[in-house]
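So that you can tell them apart, the chains are marked A, B, C and D in the order they are listed, and the count of residues begins at 1 in each.
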Amino acid sequence: MASIFGHRFRVATFGESHGPVVGAVIDGCPAGLALDVDAIQAELDRRRPGQSALTSPRKEPDRVEVLSGVFEGTTLGTPILLLVRNVDARSADYAPQKDLWRPSHADFTYDAKYGVRDWRGGGRASARETVGRVLAGAVARQVLATAGVEIVAWVDRVADVEGHVDPENVSRAAVEAHPTRCPDAAAAEAMARCIEGARAAGDTVGGVVRCVARGVPVGLGEPVADKLEADLAKALLSLPAARGVEVGSGFAGTRLRGSQHNDPFVAVDGAVRTRTNHSGGIQGGISNGMPVVVGVGFKPVATIQQKQATVDREGQAAELEPGGRHDPCVLPRAVPIVEAMVALVLCDHWLLHRTSRLHSAD
Amino acid sequence: MASIFGHRFRVATFGESHGPVVGAVIDGCPAGLALDVDAIQAELDRRRPGQSALTSPRKEPDRVEVLSGVFEGTTLGTPILLLVRNVDARSADYAPQKDLWRPSHADFTYDAKYGVRDWRGGGRASARETVGRVLAGAVARQVLATAGVEIVAWVDRVADVEGHVDPENVSRAAVEAHPTRCPDAAAAEAMARCIEGARAAGDTVGGVVRCVARGVPVGLGEPVADKLEADLAKALLSLPAARGVEVGSGFAGTRLRGSQHNDPFVAVDGAVRTRTNHSGGIQGGISNGMPVVVGVGFKPVATIQQKQATVDREGQAAELEPGGRHDPCVLPRAVPIVEAMVALVLCDHWLLHRTSRLHSAD
Amino acid sequence: MASIFGHRFRVATFGESHGPVVGAVIDGCPAGLALDVDAIQAELDRRRPGQSALTSPRKEPDRVEVLSGVFEGTTLGTPILLLVRNVDARSADYAPQKDLWRPSHADFTYDAKYGVRDWRGGGRASARETVGRVLAGAVARQVLATAGVEIVAWVDRVADVEGHVDPENVSRAAVEAHPTRCPDAAAAEAMARCIEGARAAGDTVGGVVRCVARGVPVGLGEPVADKLEADLAKALLSLPAARGVEVGSGFAGTRLRGSQHNDPFVAVDGAVRTRTNHSGGIQGGISNGMPVVVGVGFKPVATIQQKQATVDREGQAAELEPGGRHDPCVLPRAVPIVEAMVALVLCDHWLLHRTSRLHSAD
Amino acid sequence: MASIFGHRFRVATFGESHGPVVGAVIDGCPAGLALDVDAIQAELDRRRPGQSALTSPRKEPDRVEVLSGVFEGTTLGTPILLLVRNVDARSADYAPQKDLWRPSHADFTYDAKYGVRDWRGGGRASARETVGRVLAGAVARQVLATAGVEIVAWVDRVADVEGHVDPENVSRAAVEAHPTRCPDAAAAEAMARCIEGARAAGDTVGGVVRCVARGVPVGLGEPVADKLEADLAKALLSLPAARGVEVGSGFAGTRLRGSQHNDPFVAVDGAVRTRTNHSGGIQGGISNGMPVVVGVGFKPVATIQQKQATVDREGQAAELEPGGRHDPCVLPRAVPIVEAMVALVLCDHWLLHRTSRLHSAD
């Protein structure tokens, strides 16, 4: 429901952008994980604004507090409360806009749905809500690591600037080497220029983040409603500014013929593999042991530093002044968030899969 | 879970391709709907194979039986069982393949997950499973019609042949006018030639189906986990052969700048509208009253009429002979199925939205 | 939701008493079970009316049809559709009552909730709905049997006539030996006389069914919301005419002191056991390896063969004439139904428990 | 799942007894409620230990913090985080018991299920977990109050001492007038003596709490799986030490004949009522507008001030010394907790009911 993700590894996020806290409760985390809180903090640091000239100057120390579900460093199987305090909120920046609906933001729809809205910093619709997802995703990632799963996302395209990245080999180190989080160095530089150009124009740009999960066991996914790609799509399209999701060859693959697109099976050292991976590691909704590859399209940020026409709460024409502190491009910061969502889905299905057979294969 | 869609308007589909039946149970359909069974049958007829030279020659009379939940023509609020008998199954066609894994099919992953597989006609992984979705979607569509919602999908692209269709005005009549279900007549003809070319080569093609829902009330969608676009993406990526989903401007929109992409609000006759609709009718996960527009990319059909390399259940290299009766392109038949999935999601959220406020707005 | 039971082993029942069918779909049954359809039929036969002079004379051949989810006798992990056709419905019997609300039946509340009601034979509120539960429960029972779980219920009390039965040793054979399904022979005879006395007076009686599950593995149950006893209570109180549930020592145990009630742990052949079993096999919401024991109180059947005062749909005072074919006591037929519900809950938790730890214990 | 209650008004509780916090997140609270935080605090105060000589001397200031989901005093429709800090935990008291399994506690089963356990104060299995339920229940109660629903629970029996209380008229003031929370003054005195007698003997007692909800609208409850009494039973049997639940006439009613037990309908000022209320306000799983009445049996507290035989984690026989700070009887403090659980269930179904009909009745 509303703010609860997942079937078995369930995550309830909470918090408004300028409220006292943001965070998440995980219900269904398996017992016995030696939880590395520093690793959770590290993910949070990757998501934090103010990391480079490319991102929002808002400064949030963003320290995670683990307040339940862990005893002497080990998960108990009970709910894990993960909490971060908001400390650098400047609500006054938003006061001029509280009775206006910012174009392509959620102001109008929240008002229309709920009849009330926390206008400070976008309230619940702020990207700050993703703190809770990153926290929970960092736990999921640790669960998955015990099964040998590794997740790496990167910025694959900014506006029309496209990188060339090999999902089989891309590493986090390569991703983190540049503030754009594009591991293709030449493309990264071009992307940075593109973002700077947009910022200079008081404008914003979008693009595509791709993510690979390597080492995913065969058998994850619950056809037909909860196919692995279906749950990945849901998780990823629930991210702010996400407008499209694709798996494997995605939309490009729809231009191929079947004879080009099919992935022939081969036996490699006794294991079944496919020669190509147009399927993106998922066939019939179930992981096939190849790298799981997904892409997410993010629209350009809606907050621009230009005047815009809009209407106010009374339906009168009005003009919106620029303001607030915002990224000209969300892509670099979206990288750890996309990884978090992929981790949540894979962890959930990793647990669910244990119930698929009469005699558990684990 | 596995085969159950939805939060409140819940649909459990069942059935294997060559088993005795396929269908669905709807749990949570509101009471008081004068159910039009002929309209359900009409949707089933649209989905049926054998409608034109472009689709599979498999002939299924496909008669819906409504076996519970309706009394004197009106829904009772109790579960509705919708059932179709399978009658033209030729299981023997598949016998030669029962110990081989067909490339880019679900044979290997089902075997790997469950340890057992109904190899006849793809079993549960067959597109025949979508009969249950179309049945339930036809009921959802009737529910939504009482609220003034109209849903139209069409084939927007086949391989590289693209139509030009206006979501604001496209009609079902225009869609049904050509066997390709592309309402752009010139493109439709080119698509038909493209499909025939693939068939002649023993090959297959993919493409994109788009769908618009007009008249969607403002306020549908449950942020942040169950955003309207997130649930649409999940529903659509759970379809066989679907590899990507986009909403509104989608991936194309990720190439624009914010100043180009934002949808300015305007007041029209007292109602709030947006001048453009790059948002595809959804902002912050909630419908804004504009047409909801989604696109789904379908890969080329995996069953081709060519020899293919694969491995068998013992992991030995093998060769797969062509066979079975299959569409060279699923797009035309996917149109009613995409509409069904969109209807299921909108109907679910239409009901859920009634619980958003202390005092129901309805 | 409404008609769907369970978390992972999910059961959607459907059907009205005088509609064409009743039955269930199971979503989440593990793959690999050699399904014994005769054993399902046997449970259905135990539930059937017309078995003895003590039960309703309505005759339903009640043949189960397994229509999906099974291939060559083995469960596929896909949804299992279980269906029974209704053949001996005499709807005309109910016509005189269609505009009256029968006291302590669901006529008024269904009308009030849904605005429409299938008045034929109680419609969805009929005990005939439990056919679907018995079908699904029979599958759950077979799943559990592979883990060594055995479930036996019996009639423990009819009105004031109480049996003395030892949950550790009671067998199905002993239960089935008498039409009352009370394995205490002397009590069984007294119960039969009590039921006959009620029938002769045009009246009805209630009582208590108890159920034991032996061989339940340690560790089933999900605290704190989905404790094993909580889910058992929900399942059992969802039965028609059920008015109370207790686990272990139940209400009688609330009269003891802690020093009398506590179950001391003892080690028996290396296994941890408790010397007494006031806990009824569940501590802190989790099974402890001792027999799980529950009791369900059923009110006297609401349909009596006497005139009753009521009101009609217009709220006018009216008189209800006796009629219809009904059991003077539901207890004997409730025995297989209670077993089915216990099986559903245990099977669900047996699967869920596999996800409790990082490294599955199975 | 595990720690999440409810269908639409969903509550995830978190926290261990001696961890830093306990509390709850509510997902699905409707927007537009003017939240009275003092009223939440008042419920917390009623639950708190140390209120009288009859309860545990543990002192917890227990101050609620509302950390999300509320803006300028009004609920936003977004998740509400309710948190209480633990401050008077004396974990050292429990150290001697960390390798022993206390009889009729959850030590053994948590160890068996999860392989790890927070032994400090019972960890997650402590009654301190109910703080989160009381917090969320206090919000649900405020939601329901806008619909005219009033909920009152009381201690109805302690061991063999029974009160005589009329559910139609009992008031909170009468309940709060005596530390036992039995509104029958004479019985209250006898109960207090009974509890004191148990304490003097180093022993404990159990009993029954009853609860009435008046003003419940007609139509709440979702047959057949989520009948109102089924969800009430689940909620109440998920409480620590609860061993039985009954609705309306409950187990006593199972001794009556149908002609005595049926509730005749009568029209009173145009409204449909029943002359008696053996049904406890629920028929066919749906509220009928009469007072909803439930009873919960609580076993005697497992922690007694006497030596007890047990085994340790190695399965060796051991002796448990008395210790810790515990109530000799949980009943008085269970009163606000039972009310909270009833409020959660009714609020959930109040929202769900809005989706029952095509045209909402609200």
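To be clear about the criterion, a residue touches a chain if its C-beta (ideal position, glycine included) is under 8 Å from a C-beta of that chain, and two chains touch if they have at least 3 such contacts.
Note that this is a predicted model, so its numbers are computed, not measured.
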| item | value |
| --- | --- |
| For chain B and chain C, chains touching each | A, D |
| Contact-richer chain pair (by C-beta pairs counted) among A-D and A-B | A-B |
| Chain whose mean Cα position lies farthest from chain A | C |
| Rounded Å distance, chain A centre to chain B centre (Cα mean) | 26 |
| Inter-centroid spacing, chain C versus chain A (mean Cα positions, whole Å) | 45 |
| Intercentroid distance (Cα basis), chain D paired with chain A, Å | 38 |
| Numbers and ranges of chain C residues touching at least 2 other chains | 1-4, 8, 13, 28, 31-32, 75, 77-78, 113-115, 124, 223, 356-357 |
| Sites on chain A touched by chain C in the complex | 8, 28, 30-33, 75, 77-78, 143, 146, 223, 351-352, 354-360, 362 |
| Touch list for chain A against partner chain B, complex | 1-5, 7, 13, 101, 103-106, 108-110, 112-115, 124-125, 129, 157, 159-160, 198, 201-208, 218-219, 221-227, 229-238, 240, 242-251, 253-267, 270, 272, 274, 278-280, 282-289, 297-304, 306, 308-311, 315-317, 353, 356-357, 361 |
| Residues of chain A that touch chain D when the two form their complex | 1-4, 8, 10, 12-16, 19-23, 25, 27-28, 31-32, 65, 67-69, 71, 74-81, 113-118, 120, 123-124 |
